[in-house]
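I've put the structures underneath this note.
Two complexes are shown next, each including subunit A; its partner changes from subunit B in the first to subunit C in the second.
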Partner chain A sequence: MAAAAEPTAPSAGRAGPNHGLRIFLLWLPAALAADLVIWFIWGPHLPPGAMSNSAASQQFDLQVLAVMAAPVMLGVLIYAAYAMITWRARGDEEEDGPPIEGNTKVQLSWITISTVLVLFLAAFGTYELVVPAGAGAGEGPSPIWKPDGKPLVVQVIAQQWLFTYRYPQYGGMETAQLELPVGQPVQFNVTSLDVIHSFWAYQLGVKADANPQVNNVAYTTPGHTGQVTVRCAELCGLWHGAMFDYGQVVSVAAFQAWANHTEVAMTKITKTLPPYALTYTPNEIKGLANFFYQAGLPGAGGGYYGNQYYPNEP
Partner chain B sequence: MATKIQPEQAQHPGGGGPGAARPARPWWLRPAIHTAILGAVLGYFIGHWLGNFLASGYQQVKEGDENNFAIVFGYLAATVGFLVGLGVFNDLLRQMAGRPMAAHEAEPPGLARYFRYTLDHKVVGIQYLVGMIIYFCTAGLFAMAIRTELLSPTYHVFSPSAYIEIVGEHGTMMMMLMSSVVLGPFGNYLVPIMIGSKRVAFPRIEALSFWLTPCAFLILLSSLLFGGFPFGWTGYAPLSIQATQGADSYAVAFGLMGISIILAGFNLICTIICYRAPGMRWSRLPMFVWSMFTTGFLMVLAAPVLVAGMYMMLTDRTAQTAFFVPDLGGSSYLYEDLFWFFGHPEVYILALPGFGIVSEIIPVFCRKPLFGYRVAAAGMFGVCILSFFVWQHHLFVSGINADMRPLFMLTTELISIPTGFIYLVALGTFWKARIRFTVPMLFALGMYFNFLIGGISGVMLSDVPADTTEHGSFFVMAHFHYTIMGGLIFAFMAGIYYWLPKMTGLKLNERLGKIQFWTMFIFFNSTFLPLFALGEMDMPRRVFEYARNLETLNDWVSISSFLLGGSILLFVINFVWSTVLARVREEGNPWRSRGLEWQIPSPPPPENFARIPVVLTGPYRYGFKDAGPVADLNPPVGVIGGAYARAGATGAEA
Partner chain C sequence: MSLPARIATVVVAFLAVVGGVVFVLAHYLLATPPTVDFTAGHVPGQPVSMTFMTDPVNDVSSHPDWVSYFARSPQTGQWVHSTIWQLPAHTRINVTAYEFDTCDPLRNQLMGEVTGTIGDVMTVSGEANGVNGTGISVVNSDTTCGVAHTFSAPELGLNVPLEGVLYTAKNQCTQGPCAMSFTHTTTTFSFITPGPGLYRWQCFIPCGLATVDGNGHAMSTLGFMTGYLDVVA
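Now for the complex of A and B:
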């Protein structure tokens, strides 16, 4: 799907109206108008917003892609609509069309234009992937694209069917809610205790699969304070649909206060947890799941399987 | 190459020869559907017993007292029993015992032949057609159940477990059974006729490929008896290893269907290479045959990986291997890689036949030659080859191979170049055409419209930063419904309206057809266009709960989807009304097509051609004043040899 319509109009010689020029004149203002609307009016409101640098890069990519897609789509649609109106058979016309089997010039220009568009998109996408430190996508255990500065490390532990968050820089405390300071790079270490989940912090533009026994790292830098929706984006079983919670991006001072307070309040509980590690083995799941159940922490499963249920028991 | 002169009798499918035994048994002893069902039931019990005997108590999953071994063996033995009862192995056993094979003469007309293991590619084509419509409608009902649940942001109609079963059944049934939706009916029926052959290369393999599909269908449905499977159509491990017994039917059914599409593709590749009539050069092959050829390669090369993946999943679930269990040294990435190495070619298995049908139809109703024949064929080959190099774009956020992302982004975007060729060909064919808006043409145009949206949204998904938001959301869901439902199924409908008069000699009601097109086109778009927005607004796939502010949009989608279901119902009504009740004859060539298949009577006689035709021109020479007939259907004796020699000399492989 590439290349605009105008090269498909063979140089309309001979008698009759210049169809190619007509289609071009229909297409040009439509494409211009669409692109201006997309860039200036629609673009700033495109998801996922600009709450973090990775979200902003995704929004910018969507904007660029939409600006490129609109003329291509309009080209094909305007050409096809023009053809259907102008070159429809009238009445019971039995006549055949002109025997045109191809046109090397048209074919070559189509191939050239689509190749140029595609190569530009690939180069643009690569630039946009590398510069904002992986663009918020999970980069696996040894990330190659990192942000500048020392990030705040947050471990995201997914299990059926809730996320919990550990802060190794604050004594390894584990919370049920995501809390982040504004303006500081964040490193998410995403892992799972049972099956594959996907940590999707929508407003932050972060998505990283949570694989068991794998530490999947994703980076972002929140730019504004506000609420963050966290959803599971990979089918993980029965209560996948209910696996969501809300996090906060707060000011640095508020985060410090919250973190220090929570670290102290959780000291006792933190001691009962398995020590902080990049991945966890199923033996520790039992203790962890039990702990959450007894602490009355909200789980999306709501104790569906009861206390006795330990997923993936070998 | 088919340059060796063969005696014409050799084109009778099934062989047999002079000494062939003719079974003279009463009808109830002759192999057909009833003996097959008997075989399946017996087989299931034997297999179930064997599984329990071999591995009693080896693994009993908590919530059921069924043994995975017993279920898997039961399914496999039931399939074998079904095929034995159908008579699939009769000729094979006869040959092994040195006895002459049964004679396979033309099946007597009547309904009974459609319930047998038959060697006539036209009967297999009709079997496939009816089968595929049944599978499609069943899976479509599941889709409407999903939309019923999504009318409200919390669960209200189905329990979460019922909902997840329905999601899994819908996705798996559509993706696995619909992979043969065009190649099965139209490929098997029309390709031999289009290339001027009396038969396919391997009629037994072809018939076997069909009879595996009802087995896969029923086994997949039977998973509901064991509580379904909770992992959608992708079956990601370790969720699929953790799941209860319903997952066994998923793996067995998907594996069987994998075998079926390998066989079907293999047969068609060999038929196209070896059974072209004299004069049917590669440069004269209809576009539909090219699409079947490339689809066949995808099936033969991609599906073995699926079968291997399903086999590993089954041994993980039964024999306690640990291919996909990370705690025991396996890797969940291994399954993702295996699955998508099949899964991405699979989506082109679903797209290419659609391209073939629309490219075949537009020249007929534009009354113009296909614009850029070579470009169209090159586009199909380009898609076919590139589709093996893009699979990791499904895993952009999985944490696998982050440094390979620019490469997979590039290959994914490159595949839009050959796909764009299909549009170049269409737009070029429209230029100064005489477009006739018949029902098949309307569906073909609808396919181009829908696939444009599907394809462009695919380019958006190929960009890693944009994909980070879109992955796993309703955006992806809308994208592939636009390419598969909007592309393949619209093309399938175009094919039915175009070729059913050929296959049955009966006319489909045109007014009902037009109503069906417009309702289907409008409600399809009104169902799936809002899903792009829903995906961008934070709605993941396969959920039964969503944010309350998305309720209006979801309700709109649900109501549209019910109306879309209504338009499919209109199709079923039209199909049954026109072929069973009204039965208006449509003989000859109603579309004035130059395709070879339209040069013979409708429905085609049992032998297709009285004599092997000699093809004289390509199929798209519309508008040429001096265009002669497409083929000499009754070449004088002796000409065939000469034509072979000439075709060989001038480069039949060009």
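Now for the complex of A and C:
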């Protein structure tokens, strides 16, 4: 373009089109459209969906961040595209372009806008990090908040390579099937019998580490019925990739029927389980130490069950 | 050194490195046990018989002290050191399991329950097998030292605790595949295969001795205590 190829002195006045205005007019509708799409179309479909509100805070944060970032990204891209099209070298032009001179207005605008954006995001991020509770992640054995009402307690027991679920309010029954009632607060007590796993109930927005000897509490309230994909989210050995199952969120009546039936059906195996506890130590299973001691064995897993323990001093 | 010699040296070195990588990939990382085919000659609608054994030792691998499964090939009648078994879909599989290993406690006693088999039961030779011989549904590994290994395919809901040989038993197997003359238990059960697919199965006794949590070695190696049910149409 002539104005770019043949720079004129500032005092000569505006010799060419107002590029800043052009870029702004290109950017404004694109930024508005992008933000509207992000907020009203993309936002409501952010993973992990809306089966519970456990991840609502993260979904909101992502929406806000995306709405803030999209105009910035579009500004950079539109400017770059405009520059490449408008100020490109044409034909056999070989000389350098005009020297870039400082523009106080542009620089101040850029610094001001960047500062406002960054400071706002810092304040917003700090607020979101501290204030909203119940992110769906494990909160350790002593959560700083609890949901209203009496939650259904479901103990998630991870082991290589399977999740099982124990329901202390239903006789301590344990099953390989995760079944939850809709609309009722659920308290997951997550633990492990061996290595570190991670209980990830995707659609519920719950992901909590399953550590041996730790009770990691996470809350959720299923908002509607449907299937829940449960996966291990911590690399845990050969079959980590196969450590998944599918739970169900059902009506309260259906859950009660399932729980009552399962409790009765599992009576025989439930009697052989250790008493319900927040964590389990396999080498403290009743009779196990004595068994290995008498057999003169180190126990399965070498020293894990322990050749260091003694029947009279468990 | 002349230029051709230098080039030749670089080429040879490069090929040696590439060859080494290919060898490691092919020989160690991508190698799988052979597939034992239980589908050959299968008549649709008819059940398939499958026989396997669990041994405390094996004499067919570089890890003779690892516990291991063996499957009997329906074609040759020979015991095959493999845990990849091909089965026909939607078919009743009648299983006979010979168990030669001594018992260990289950990490999670829930796996002492028989599930996913027809009737959710199994039968064990020489035992009362429940009320009127209908089958055993639960084995307590803690109090009776009842379980040596399990045959479990979580995706299918299939779990069968295989009762073990007492530590005090005489004539325990010392050479695998174990001869039937060694002390063993015999478990039978049946299950229905699902649609075509690859379904992993594993033992839930932490029997990878001397490894962290007992789930290394044999527990984490195809051909020993874990494998696939390759269900085909």
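We adopt the following convention: the second predicted complex is superposed on the first by the 199 of 314 C-alpha atoms of A that agree within 3 Å, B and C clash if a C-alpha of one lies under 4 Å from a C-alpha of the other, contacts with A are read in each partner's own complex, and residues count from 1 in each chain.
One rule holds for everything that comes next: a residue touches a chain if its C-beta (ideal position, glycine included) is under 8 Å from a C-beta of that chain, and two chains touch if they have at least 3 such contacts.
Here the structure is a predicted model, which is why all the values come from computation and not from measurement.
Of the two partner chains, subunit C is the only one that A:I157 touches; subunit B does not reach it. By the touch criterion stated above, A:A242 is placed in contact with subunit B and with subunit C alike.
Using the contact criterion defined above for the overlaid structures, shared-chain residue A:A176 touches subunit C, although it does not reach subunit B. When both complexes are overlaid on chain A, the residue A:L21 reaches neither subunit B nor subunit C.
Within the superposed three-chain model, A:G102 lies in touch with subunit B and out of touch with subunit C [touch as defined at top]. Look at A:A208: by the touch rule set out above, it reaches subunit B but stays clear of subunit C.
Contacts of A:P143 after superposition on the shared chain: subunit B is touched, whereas subunit C is not.
Using the contact criterion defined above for the overlaid structures, shared-chain residue A:D194 touches subunit B and also reaches subunit C. Set side by side, subunit B and subunit C differ in how many residues of subunit A they touch, and the one touching more is B. The interface of subunit A with subunit B overlaps its interface with subunit C at residues 194-195, 237-239, 242, 282.
Listing the residues of subunit B that touch subunit A in their complex gives 155, 160-161, 163-164, 167, 230-232, 234, 236, 238-239, 241-243, 325-328, 332-333, 366-375, 395-403, 405-406, 409-410, 413-414, 416-417, 419-421, 423-424, 426-428, 430-437, 445, 448-449, 452-453, 455-456, 458-460, 462-469, 471-473, 536-538, 540-547, 620-624.
Partner subunit C is touched in their complex by these residues of subunit A: 157, 159-162, 164, 174-176, 193-195, 237-239, 242, 245, 266, 268-269, 272-274, 282, 285-288, 291, 295, 297-302, 304-305. By the touch criterion given at the top, residues 104-105, 107-110, 112-113, 115, 137-138, 140, 142-143, 145, 154-155, 157, 167, 200, 202, 204-215, 219-221, 226 of subunit C touch subunit A in their complex. For subunit A in complex with subunit B, the residues that touch the partner chain are 1-3, 5, 8-10, 19, 46-48, 54, 57-58, 60-62, 65-66, 69, 72-73, 76-77, 79-80, 83-84, 87-89, 93, 95-103, 106-107, 110-111, 114-115, 118, 121-122, 124-126, 128-130, 132, 134-141, 143-145, 190, 194-196, 198, 200, 202, 205-209, 211-214, 216-217, 229, 231-242, 244, 281-282, 311-312, 314.
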